[in-house]
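Have a look at this one.
By written order: A, B, C and D. Residues from 1 in each chain.
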Amino acid sequence: MSTKRFTGVLPPMITSFTPDGAVDYAAFIANIEHWNEDDLSGYLVNGSNSETAYLTEYEKLQLLRLTVKHAKTGRLIIAGTGLESLTETIRFTNICAAEGAAYALVLTPCYYDTSMTSAALIDFFTRLADASKIPILLYNVPKFTHVNMKADAVKKLAQHQNIVGMKDSTGDVPQLASFLSITAGQDFEIFVGTVSAWFPALTLGITAGIHATANCAPNACAALQQAFNAQDNDRAIAIYQALLPLNTAVTATYGIAGLKLAADILGYQGGTVRCPLQPLNEGQQQGLRLIVETARQKLLDLEVRP
Amino acid sequence: MSTKRFTGVLPPMITSFTPDGAVDYAAFIANIEHWNEDDLSGYLVNGSNSETAYLTEYEKLQLLRLTVKHAKTGRLIIAGTGLESLTETIRFTNICAAEGAAYALVLTPCYYDTSMTSAALIDFFTRLADASKIPILLYNVPKFTHVNMKADAVKKLAQHQNIVGMKDSTGDVPQLASFLSITAGQDFEIFVGTVSAWFPALTLGITAGIHATANCAPNACAALQQAFNAQDNDRAIAIYQALLPLNTAVTATYGIAGLKLAADILGYQGGTVRCPLQPLNEGQQQGLRLIVETARQKLLDLEVRP
Amino acid sequence: MSTKRFTGVLPPMITSFTPDGAVDYAAFIANIEHWNEDDLSGYLVNGSNSETAYLTEYEKLQLLRLTVKHAKTGRLIIAGTGLESLTETIRFTNICAAEGAAYALVLTPCYYDTSMTSAALIDFFTRLADASKIPILLYNVPKFTHVNMKADAVKKLAQHQNIVGMKDSTGDVPQLASFLSITAGQDFEIFVGTVSAWFPALTLGITAGIHATANCAPNACAALQQAFNAQDNDRAIAIYQALLPLNTAVTATYGIAGLKLAADILGYQGGTVRCPLQPLNEGQQQGLRLIVETARQKLLDLEVRP
Amino acid sequence: MSTKRFTGVLPPMITSFTPDGAVDYAAFIANIEHWNEDDLSGYLVNGSNSETAYLTEYEKLQLLRLTVKHAKTGRLIIAGTGLESLTETIRFTNICAAEGAAYALVLTPCYYDTSMTSAALIDFFTRLADASKIPILLYNVPKFTHVNMKADAVKKLAQHQNIVGMKDSTGDVPQLASFLSITAGQDFEIFVGTVSAWFPALTLGITAGIHATANCAPNACAALQQAFNAQDNDRAIAIYQALLPLNTAVTATYGIAGLKLAADILGYQGGTVRCPLQPLNEGQQQGLRLIVETARQKLLDLEVRP
């Protein structure tokens, strides 16, 4: 990443499955082709919202190859490559590099979460970055990992030439401000990892977001940034407020099954989830539909198509 | 509170004690007289940072009376009046009303924190607001109470004529955005309760803050808002970044004992804490002094006096 | 407390209220008279299950006086006397001493819970014990206080001549074992504060329990201990297993409102709760009734009357 | 597992590494040969304490084969086989079955921990048990997974013919009692997964333990059970109390690096840990050595060799 900031929105792409649980590659391609027409700057393949934990290495590589093949020219391709084991993470990251990923987004190891001190994380990511053939992005998502990177680790790792940024999915805006402050002057890009902090992150000078909600409402995520860039804060806030309940629904309340149903409703290929994740029951589906329709209407009132 | 928004910064005033543990009213008055010269809009007496949990009712009322007597004309006086018992809270709130408090800031009851459902909080605050002679501000501070008010409770309570706002001290910016959205159009003022969210809160349209850090750096808190109002976001963010480590030190890392030492260093009357709170040890004092001096220097570089 | 261990079960007595919210002293007396006929060793007045957080000092003293007056001869009377403020706790403890409490059970201060280090707690309880006219029992209940006393604090405080024991309500059996180990040889009595750990506590050598469930099923709690003392572990475990779901219902699932309804069902005076606590709705009442009846039947099958 | 209960202690075997990070199979074999002489009933290979999260599938299978080859005749061999993906878990479990594992211990999936409802876990484990060629043991370890199986899931799954037990590592004794109660009459064995609950678990009727501490002090773990079986509770409790601080040190305070150093001190092959786990620093080593020596002395005083 150069000193020129990366700008825009990327979806952490959902993975479609056929009813019998196989990856539905055709649906995945259809989504990319749809997103290619949307206001997006790139794609994250094999992130948390991809149900990556339930994918085989073969499936992950197929999804990466298809992303490389079908993504519109000029879009940034980031691959999630983190595994618990350092050796395995290095191995898999370099395979993903060979398959065309521009950057590797690497989860903090987390099984022994209370042992993941700053010293442990600095050791892990330094060794990884030394060995990786593509630049590394740190991935901080305590919601899933129960590990929250501390400022001292971020500060140290930001100085590594092959660590070029991080995705912070906490939604903790003071923490974003703190990470920006300690990495100021470094060639280090902070991606905000949730729409819940998208507008505040922009006001702090962050310019890129990797948003689950961008799977189903990519243009609304982009329109928020466009309004902010046009110095129309009232409009940016209005779009932000319209997106917040939708974001809560497809991340917290209804999880990935909800995100996929929202994608279905809004014109993408969502589909089912892999066991042990469970589909939404009838009541949950109704609850989600109402939230999606309300958000869609609010966005249309703002002349934003989701 | 009228539809015209309240604007500015209030310190949740610390309470000074003499070495033998009595309230040092003279030091308290000296602080108010000092703050009267600072860029502040009002005072909160008997808040969390006042060690209110360790004050007798007599002491609380004395502090309120002295605040009323010594506060500069035109400054808003808010009194913390919350107790676990509804009956006691009503009784004490109305005494504070008689003694000159303009608003009562009322903590969510919290001893049985898992029972403090939205229904319970709606019941409590509705009955209180019905009986209170002054308007009520909800006080949401899960750091101490382990109760985080939910949107449904805030929405319902904001409709009560005698509930005119809330202080949210979570530092959770998406939550602030959500509370703003659900209370839009109501005559309901949201005070942000921590400097850690001050700049993001301003960008969302919040105009008032009750900041622990305003005990020791009131003018810096105010200067941040002035810069924002002057549409100088770079300057506002620079002040915000300078304040963040100080704020972490005097709220999280070193607590009220740290806040008081910072006040001492920066020209106010801090002093000791009441048992069971413990004074800082030598190493902690050194750690804090370094943070305070660093913040002061950064602020002076920005031509801001703390 | 002598080197001879205290033995038996005490209820942390519920407080009855009239429909308009006043303390129903007559019902309280009726309960004591009923409990006087049960297999109990004493009474705790003004504990967590007494809704003490919602009682005035006057009400607390009235309840203590009535307990002293109506308790069967020979039963131990313990009064909850803890407040956040050290000075207030000393003052109120000595009033309770004068009114006839044999021991004071004192909650860890908790409003600033993250500041309640072992040093802070040692300071608080040492000063209290120095000044108290009756022996002190430490009260560890992180469920409500979010403070869990550490072994170093318990070890140090157990050496104080006027601190004679503790109530541990965590249900954490390894912690009970650890506290027993570090206080071995001291004149220090550990009361287990929940039926969920009653049988395991007995096997470790603990001989006394203060159980919420003893408000509604005192004789079953006592029968468990009698079976254990008679070396009939199978019977003790069977009673324990019968009590566990009831205990979960009246502490965790349905709270104090549930405990009071269970008391009503089983022949005591339960009644309503004080605001902000809320009464059970219809569905909750049905759920609880089923649990109570199942427990009663299981106990009757064991020839234990609740 | 037959209706005759399984009895005794199993170590969740540590994995030794050479200084350059490779698995030290020779050291692993040496440990098994040592443990073959100890009072153990079997072995768990590829558990949490094996740093399984950092092992490749090849390494895991090598460790299993060596366990099968070197374990003393008659000892039960359990293999950890859980992965996030159901399909992968089935595949790997059946490979382990072919390689000689008697039982598969399967972790609750946990990456999307808040989605791991009882319905999700019942679905996952039922499908797994349907497809597995060896019996399944549920593995509940919220310390690492942040998922705590609920009674309804355990009750349902215990009825499956190919699910024959569980390892509960919570140390939550009331929960153990509850799980025993709801699975009573089923052919379902509960292994307690921590020495911190070993004595209480025995009193409840549990007869088997899989204890991290059994890596370094296997005979003490066994001696505790022997004393209990001989109805010498005082001796059993004394051994339990001697083991508790050691157990806290090698699980909570110092983690797996501490467990391995304790193994080194007590005559086994511990060695280093794999990145990102970090070795103990000098001060930590000293702290641990003191705890190990104190425990050893206490055990020797009881005529127990660790």
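Rule of thumb we're sticking to: contacts are C-beta pairs under 8 Å (C-beta built on N, C-alpha and C of every residue); 3 or more make two chains touch, one makes a residue touch a chain.
In this text the structure is predicted, and so the values were computed from the model without any measurement.
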Shared interface numbering between subunit D and subunit C [over half = same, under half = different]: same
Separation of subunit A from subunit B, taking each centre as the mean of its C-alpha atoms, in whole Å: 36
Distance between the centres, which are taken as Cα means, of subunit D and subunit B, whole angstrom: 50
Contacts with two or more other chains, residues of subunit B listed in rising order: none
Graph class of chain-chain contacts, one of line, ring, star, complete, other: ring
Listing of all chain pairs that touch each other, if any do: A-B, A-D, B-C, C-D
Complex contacts: residues of subunit D adjacent to subunit C: 171-174, 177-178, 180-181, 196-197, 199-200, 203-205, 233, 237, 240-241, 244
Subunit A-facing residues of subunit D, complex: 21, 48, 53-56, 84-88, 109, 111-117, 119-121, 123-124, 127, 144, 146, 255-256, 274-278
